[in-house]
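Got a structure here, written out as structure tokens. Questions coming.
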Amino acid sequence: MNNTAVDTEGAWFEPSRISELRRRLPIPYVDIVPVRTDTDGTISQVGLLLRASGTGRIVRAIVSGRVLVHETLREAIARNVEKDLGPMALPRIPVAPQPFTVAEYFPTPGQSLFTDPRQHAISLAYIVPVDGETAPQEDALDLAWCSVPELLASGMLEEMEGGHDIIVRRALAHGGLI
Amino acid sequence: MNNTAVDTEGAWFEPSRISELRRRLPIPYVDIVPVRTDTDGTISQVGLLLRASGTGRIVRAIVSGRVLVHETLREAIARNVEKDLGPMALPRIPVAPQPFTVAEYFPTPGQSLFTDPRQHAISLAYIVPVDGETAPQEDALDLAWCSVPELLASGMLEEMEGGHDIIVRRALAHGGLI
Amino acid sequence: MNNTAVDTEGAWFEPSRISELRRRLPIPYVDIVPVRTDTDGTISQVGLLLRASGTGRIVRAIVSGRVLVHETLREAIARNVEKDLGPMALPRIPVAPQPFTVAEYFPTPGQSLFTDPRQHAISLAYIVPVDGETAPQEDALDLAWCSVPELLASGMLEEMEGGHDIIVRRALAHGGLI
Amino acid sequence: MNNTAVDTEGAWFEPSRISELRRRLPIPYVDIVPVRTDTDGTISQVGLLLRASGTGRIVRAIVSGRVLVHETLREAIARNVEKDLGPMALPRIPVAPQPFTVAEYFPTPGQSLFTDPRQHAISLAYIVPVDGETAPQEDALDLAWCSVPELLASGMLEEMEGGHDIIVRRALAHGGLI
């Protein structure tokens, strides 16, 4: 395990600095559920990353990352999609800043449905349709596009950590699919 | 004024039939604010139709129309966009059925902010980014794409009837622009 | 089975009239998930009705009903809550008309997740906290308040028809509980 | 001007510490529009604070404050309402974590509609009906409840800083009033 695997923004600070900040303040995040859509707008596929977790396990994950200081939410969404899906993904950044849900990650399991051992993070969650070519980047081992029935039947949601499966389920509920 | 100008779906019923239905039930509608977006998702332009109103005045309007029986909301959005913007508009139908607002049109002015002399309509309002070529159809005289500052400065919103200007303002507020 | 069990608004029209309207137009509805909340706003309990369905089965149901002509959504929510939970329920009608989801009921199973053999209904769904005393009314056999864990564990959601269980699940997802 | 006027949470850190954090990370906030509602849920009045701004001007403001580390959004809403409206306000904390809008405050005017000379803040905005007794607290000079027509006619919205007037307008738009 290295720092990049844990937090690709970590390089902005010395490791001791970022971990101090994380003890002091909730960290603003964006959680992005990448989807393929039919021409009528219905979610047809969900994109899931396969990556090594902070604890060294292999897990499924959605696109997720910090909002940096002086960065807009739109920039943070675009940057994190590019970081995880590559520069040709052609994401359709949402028209409105209202997230479909907000996930509150706490270091202590049980304080909410979402846990992140590193920090208290407040994450605005968006569904982002992706029209272009995607490829796993950097620390991701794979990127799989799954149809919704396949996703629900496959057990992939159970391979997610920290509550990412709940974000995907809420995205599907918001999209009218479950 | 002819029936087509008043209600392009009127042809589904004899005129006496539809007006009787309108006295009996609220009529489900979709109101669509067509927009052009920047690559970061921000609304850059709003599309406004120029058409003859039911009373013969020339007015600006958004895309608006009934949901037909046995038609899904997604089909109603696509059909009404095509009816008003043409078959090459390439609308991005919303991922989620949750509208950004609901407009309740009543025949009697003052019962709400929205009036429709023909009927009590309950309209689900959506922002729909449009990527393709658009052209005014049928009963529309023109279709203008206006930048947001131009729209707010031009007085065009004051040329809208029944509360369509309020829907546009709520769309811009929802999109984070005003 | 009598008409009241099927549609408590049916009395507004002769039965032949309402069934004709239902073949002609989608019918606007409101679906209401009644909840008790903690002081921090979290949903603590969900209220479920026990009633005879249109087919004579005993089912669990949420509060659901038509929007009448010339009635506002706020009035429709208040009237339907009173119809099912009684006049002392003290519902907190939502501040905003934006529903948390929209359910499209079709007569033919499979066209959407929601079915209603009587009609094509378009239903705006709201979570409504209820602070007062509630009692089953008219055609309801019982009204049960269930804690969220109990609701999820009990199998009660499987006793719902037409997709009401999906509305409850979406309400819990929207409320941040699942 | 003292620190309390600028940031009532400042006391959690030495002043030099919080200003360093503010250069490093966006700060998570909640913006709360306190309202009185009619029994049908419509916003009848909006509560506005009168306070000294960071620059010593007298301004109108909504309830606004940081989310502290290890604090839930629900706790942050309740704490900030109590801080500004007093312990008897009886706020109805929202059932769902989805904010009606997100305001991004930047130190540099023009980067967005919202400015905060102290920091980059990301603020989740909620409408919070208040049923109890309210009184201005600590650093507030006054708390005024204004009817919506009065608010729009009075020029009070022009006495707000940093974009708080835009949050109030978006709240009224979301509530179906403008």
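Think of it as A, B, C and D in the order they're written, each chain with its own count starting at 1.
The rule is simple: a contact is a pair of C-beta atoms (placed from the backbone, for glycine too) under 8 Å apart; a residue touches a chain by one contact, two chains touch by 3 or more.
Fair warning: this is a prediction, and the values are worked out from it, not measured in the lab.
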* Structure fact -> Contacts shared by chain B with chain D include exactly A, C
* **Copy pair chain C, chain D: interface residue numbering same or different (half cut)** => same
* Structure fact -> The angle in degrees, nearest 5, through which chain A must rotate for its Cα atoms to match chain B is 180
* **chain C and chain D, separation of their C-alpha mean positions in angstrom** => 35
* **Whole-Å gap separating chain A and chain C, where each centre is the average of the chain's CA atoms** => 34
* Structure fact -> Whole-angstrom distance, CA centroid of chain B to CA centroid of chain C, is 29
* To do: Could you list which residues of chain B touch at least two other chains?
  => 72, 97-98, 100-102, 174, 176
* Complex contacts: residues of chain B adjacent to chain D -> 101-102, 113, 166, 169-170, 173-174, 176-178
* Asked: For the complex, which residues does chain A have touching chain B?
  -> 35, 37, 39-43, 72, 74-75, 77-78, 92-98, 100, 127, 129, 174-176
* **chain D to chain A touching residues, read off their complex** => 13, 17, 21, 23-28, 67-73, 97-102, 104, 106, 111-112, 120, 122, 124
